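Both complexes below contain chain A, partnered by chain B and then by chain C.
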Partner chain A sequence: MTSTDHQAEIAADKAARKRAKRMKRFDNPWLNPKLIWGAGLLLAIVALGLIGRMLWNLELVYTGSTPLKLPPLGFENLRKQPGVLDYPLGTDGSGRDILALIIMGAPNSLFVGLLASLIGMSTGIVLGFTAGFVGGRTDDVIRVLSDVMITIPPLLILVVFQSAFGDVSLTMMALLIAGFVWQSPTRLIRAQVLSMKQSGYVQMAQLSGASTTDIMFKEMLPNLIPYLFGSFIASVTTAIVTAVGLEVLGLGPQRIPTLGRTIYEAINAGALIQNLWWWWGIPTLLLATMFIGLLLINLGLDEVSNPRLRKA
Partner chain B sequence: MGRIPRKYLINRLITLALTVLIAASMIWVIPRLSPVDPAEIALGRMASGAGAVANAEEILAQLRAQMGIDQPLIVQYFKYLKGALVFDFGLSTATFPTPVSALIAQALPWTLGLMILSLVITFVIGNLLGALMVWDHSPKLAKVAIPAAMVFTSIPPILSGLLLMWIFAAKLRWFPLTGAYGLTVDPGWNWAFVQSVLHHGFLPAMAIVIVTFGFWALGMRGLMITVQGEDYVKLAEAKGLKPRYILYRYMIRNAILPQITAFALKIGLLIAGQVLVERIFAYNGMGKLLYDAILDQDFPVIQGVSYVIILITALSVFIVDLIYPFIDPRIRHEGG
Partner chain C sequence: MKLTKTILMGSTLALTAMWGAAFAQNVAREDTVIFDLDRTIKDPDNFNWFTPGTKRMHGAHQTMWEPLFILNYNTGALDPWLATGFEANEDSTEFTLTLRDGVEWSDGEAFNADDVVFTVNMALENEEISSREASTIRAQVASVEKVDDLTVTFALKEPNPRFVVENFGVRIFGSFLIMPEHVWNGEDPATFAFNPPIGTGPYTFTSAATNRAIWDRNDDWWGAKTGFMDLPEPQRVIFLETGGAESRAQLMVTNELDAAQNVGVGTFEAIAAQNPNVIAWHSDYPYAASDPCARQLEINTTVTPWDNPAMRKAVAHIIDRSQIVNVAYEGTTVPSETMFAQYGSMAPFIDAVKEAGYGLPATADVAAGQALIEEAGWTKGGDGIYEKDGQQLSVDIHVNSASTEYTRTIDIVVEQLNRAGIAAKAVPVENGVFWGEVLPFGKYEMSYSWLSCGSVNEPWASMGRYTVSDVVPVGERSPGFNNTARWSGDAAAAYSAIVDQMADLTLGDPEIPGMVAEAYQHLDAEMPFIPLVQAAKLLPMNTTYWTGWPTAENYYNHPFFWWNHTHQIIHNLEKAG
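Then we have the complex of A and B:
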């Protein structure tokens, strides 16, 4: 090998390393556009709830606080009434301001989703680790239980519950839904734990005398984080879909405004035939935004945990 | 391939039985924890019809005996389980004394029909579009338009249903707003009725299709990417087979199999979503039956409908689990 060859090689090597460094800086997988857009959409909804609470008159969510069936600003309803600035998104059939309704309602849906999946996830983490680590009978019980529960659609059990008990609070609904979103994280974590148990670094930790909890939480949990996030977002989606489903059946919380309940009231009042599109349309649009945001986050997280998808 | 290992079969059967048992028990236990007394609801319904009821206590006791709720709980529970096995859920309280099973028998064909129709459509469209996203020879438009359409995947079908109802039924009046068939046609096997059913069923089916096809398309895309690099596809290309032939016979055929398992996991959510679609379209299926029962506090019907839907879900999962190795010989049943 001549020295010029050698120098060229070194130069090429340097350039490659420089490129790699730059790629590393810009190619942070957590900064992919899907993730950012998804998070942005959800944050916008949270911001609507928070800023709206400070700026808008929330007394307008009470029945009869506004004129009936006014359209949003810039539109006319069937009675040729124009929209007014006082109620920029229009009003519903019992005299409530739609803007105030969504300011109050949108965060409620997210709250149910987050609380339910936080509880579900925590249960899933504990059960999944236990099943994967302890094995034997315990594993059998947990595995069969999660297999069984995963086929039961939460909506139908909760319909029975809520029609028997009547009004439920938002927190109660979240707790009930949490009972149905622990299965997939449990299965996921159990499978991952079983495969990780065989890996070198876990066996190394075991040999060096680390305690089981240390191995679980210091060695294995960090490697599970992208999966956990993905699973978390999936259960938030399931939880919100279930909550909205119950509300559209008229079974959600009765005394606080929710997006699903607004849609329920709109359908019952015949808003579709009366062309009161803003009444059901605006909550629908907001829910759709929420779900699209969650989907984008999930796709973005897929790219984080599965680098092969990034190049495509 | 071929025979199902007995251990696996037993395992799946136990899971199926446990699923149904646990679901049935939950449905039974939950209303009993509530302070609401179904006999009093029934009495209240009588009272509101007649103005006043004489001998209220006597009638209450009679109603309780009729509903079987004067017996010890454990007896009630086993009676209920025995009934559930043969789809006997007692009598509807709102349309007393119609048996719940008769109401369900009326509603079930509608739900199953709508479900199978929309499932077949989404499965075909979704997988085809997913394959086109990857295929080298597909039109440019497909590669841009399909990912955009994918955004709908995340939206529950009630929302898409509302949108379709508004555009195509309320605004354009191309399709009827609600119901499963027109009021003017006689139910039966005549052309007018079939036409009316199809006309009414189109929007609810579409509401489900547009939000579910993306799920299959996404899965198919991933599988196609894997299949694309396989040697047999390269060989087929080298042999000079037509691209279209390769797409259907070599690529899709191999990629589609894992999609069927995905189907098993998704079916519960699909059915729950459809129940809601039926509710907003006032379609004569289980969803409407359930919704009306909720309004009337008709617990036997609520229980019956929930039970039957859970049973359908569990059975579908069971069947898919069992037949899967027959469809895909590469997969063997895990020793279980």
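Then we have the complex of A and C:
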């Protein structure tokens, strides 16, 4: 009995080791399930925008192009009208098709987030490296600037700005938001650069006469990539939250459909009391999907940059 | 020990006293009527209604200040209030008003001819006071004299058979309010804050903040003492800023509000489904009461390219009124055919305009509009928007953000213009800013408004608002919101000449419809404003605590509770149950 037990144990051990060996070959940290799921969710939203644009009649996003307040297919509204196939996700109170609205709106919201944090991150990378590597006066100026800026609540400033500006384009809104998402990457990168500056390979590069920009971007930057990605995703989330916040207050672009503006219009037109749940519910659901996707990506990137988080 | 005891006793006493005071101020919900206020009270400590701002529609002229007469929209008669009657001379240049005996200010002083003469003179002598009612008096009255304590005579600059209803009759929104001489004497009417305010009404001012005003019943009211009317039943009247359709709907459902401002038909149906005590003017679709102020698109005629009448006409062609009715109003109103309110009493004038060929179509003729734009030298760019000399054809349309009725209408107009090739954009502005800064000073290109409002049974009141005599430069205040479009030029002058002639004719003169049509050709050719749709107000009223609301079946007057006639509504309210 004991010998068979022992044999089985050995066999199991062997199999486990074999499996572990095989897994190791594919054990690319970038392929962890969180990252894959997160990216999948975001890609689904992008795909909705791209495929929808080809298949669906986008003229339906304009005011007055559909009957009012129709429910999604399979539901009834308060007036007992059933949903129809022509407008499968229902219509809003101004005669716009919800499906067309989200096909146009969801990628727009993502676009604002990506653009804003791309600009913000690039600024952050340049400033962070400069501050950390150059040091001295430059460091003081950049550090004080980002420390001051980080205490300013962006929504407050943007609300004032947008209401003074009136109608803004999506790009303009992204630019404005970018002005508020560069501070934390700047600080993060500066700290990393300061610690990395002392490491052997950087000092080696310095001794061999590499230029400052070369050291910053060719030697140090590649080591920071997981960090940068994590920080990038975090700022995309911040940027989208800010953009949606502005839109829900009615301060976003007027004629360009966005998820936030759709929610704003729903609230403004009394959609809650009229039980027009699809009007505000569907955009909210999409925003939730977007944020869950971003969160998963962020968690996944954490695993990439911090091996201790990986499952044994 | 002793000290502790004293302190304890003392604080108990103090607490009891405070409790007592608080208790005295508490009025039970069932004794309180709460009206909806659609704007912020920017300056809650100021009650000088001669100056711009929310100084009267937050309860002041509904509960505290009473008018001399109230026009009854049902009977067409002037219901006497602080005055009992009037007489005019043969050619309507001299009016003698008789005041009611026994009227008192809430501080006990008598209300009499001195107050009337004093207040009117204040309006005549102070050019800088700007309210519409004061401007109208200043434009019409040559002099005013006291005959005896209850009789006042007005001498007019020109014949005006409508003098009393226009100035003292609450024909549209307000009336010229009489102020107490013993308080205002020696004060500068342009800056006096009139705080604490007093009036002759059955309520006195209790407190106000930016979002509400509270008025409590004066049980010593003159009207009850003289037998003019019983004391109204509500002990307290509150005007509360609710802000937005959603919150006013929720407040109606939970009985926290007794009368709400305009809501959409879907919202009303949802409220009524959840709270069967909530009613409206009509018990069935379309529920809404027609408002005498038809909606229009006001155009600043001094700004290029809209100073070109052809461009304004183009916009008029592009606008599809039936779409506004169907989408913004969900079918509860009708497209405007002329500038006038489509009341039965206005039919002769509307028909005259239509027969002359100046009636407005319900649907758009985009091609005709685009042809006019192209004639003016614009060509369509790649993005579908017209361009000239590298400039896009664009327009900002200012809209009051107080109600979704307004913003949704403009959203649709913006959409229609964009699709036809004009880069239009809505600029929502807060109510106070809209009426205080944007419209009167001409700081807009186009704007949502109802400024041709005025006529309910004759054409002059509306048409007289666009004459050249009221044109002022941009940046100066339009007198009484008249001709804020700043329409001038030959056509405007020709129009004004006919309208001025019309002003002298008595009501019902058979020549008037013909003159209306003649004057209207200039309006039609130049379009200083574009009539959009008739206004309908769907005002939810709650019968949980109060009954006796004005409805089509109980038509003692119209239900627009932000008007000066709301005294009648409050007197008609009865405690439910």
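In this section, the second predicted complex is superposed on the first by the 287 of 312 C-alpha atoms of A that agree within 3 Å, B and C clash if a C-alpha of one lies under 4 Å from a C-alpha of the other, contacts with A are read in each partner's own complex, and residues count from 1 in each chain.
Operating definition for what follows: contacts are C-beta pairs under 8 Å (C-beta built on N, C-alpha and C of every residue); 3 or more make two chains touch, one makes a residue touch a chain.
The structure presented is a predicted model; accordingly, all values stated were derived computationally and were not measured.
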Fit or clash between chain C and chain B when superposed on chain A: clash
First, second, both or neither for A:269, with chain B first and chain C second: second
Which of chain B and chain C A:153 touches, first, second, both or neither: first
Partner chain(s) touched by A:277 [first = chain B, second = chain C, both, neither]: first
Chain B versus chain C as contact partner of A:68, first or second or both or neither: second
Touched partner set for A:123, first chain B, second chain C, both or neither: neither
Partner contacting more residues of chain A (chain B vs chain C): B
Partner chain(s) touched by A:238 [first = chain B, second = chain C, both, neither]: first
Chain B versus chain C as contact partner of A:255, first or second or both or neither: second
Partner chain in contact with A:95 - chain B first, chain C second, else both or neither: second
Which superposed partner A:223 touches (first chain B, second chain C, both, neither): neither
Offending stretch of chain C which, after superposing on A, collides with chain B (from 308-316, 434-442 or 542-550): 434-442
Residues of chain A at both interfaces, chain B in one complex, chain C in the other: 166, 250, 267, 272-273, 275
Chain A partner contacts - residues on chain B that touch it in the complex: 14-15, 18-19, 22-23, 26-27, 30-31, 33-34, 36, 151, 153-156, 158-159, 162-163, 165-166, 169-171, 177, 225, 265, 268-269, 271-273, 275-276, 279-280, 290-291, 293-295, 297, 299, 302-303, 305-306, 309-310, 313-314, 317
Residues of chain A that touch chain C when the two form their complex: 62-64, 68-69, 78-79, 93-95, 166-167, 250, 254-255, 267-276
Partner chain A, residues of chain C touching it in the complex: 244-246, 249-250, 253, 263-264, 266-267, 269-271, 273-274, 323, 326-327, 330, 396, 404, 407-408, 411-412, 414-415, 418-419, 425-428
Residues of chain A defined as touching chain B within the complex: 144, 147-157, 159-161, 163-166, 237-238, 241-242, 244-245, 248-251, 263, 267, 272-273, 275, 277, 280-281, 284, 287-288, 291-292, 294-295, 312
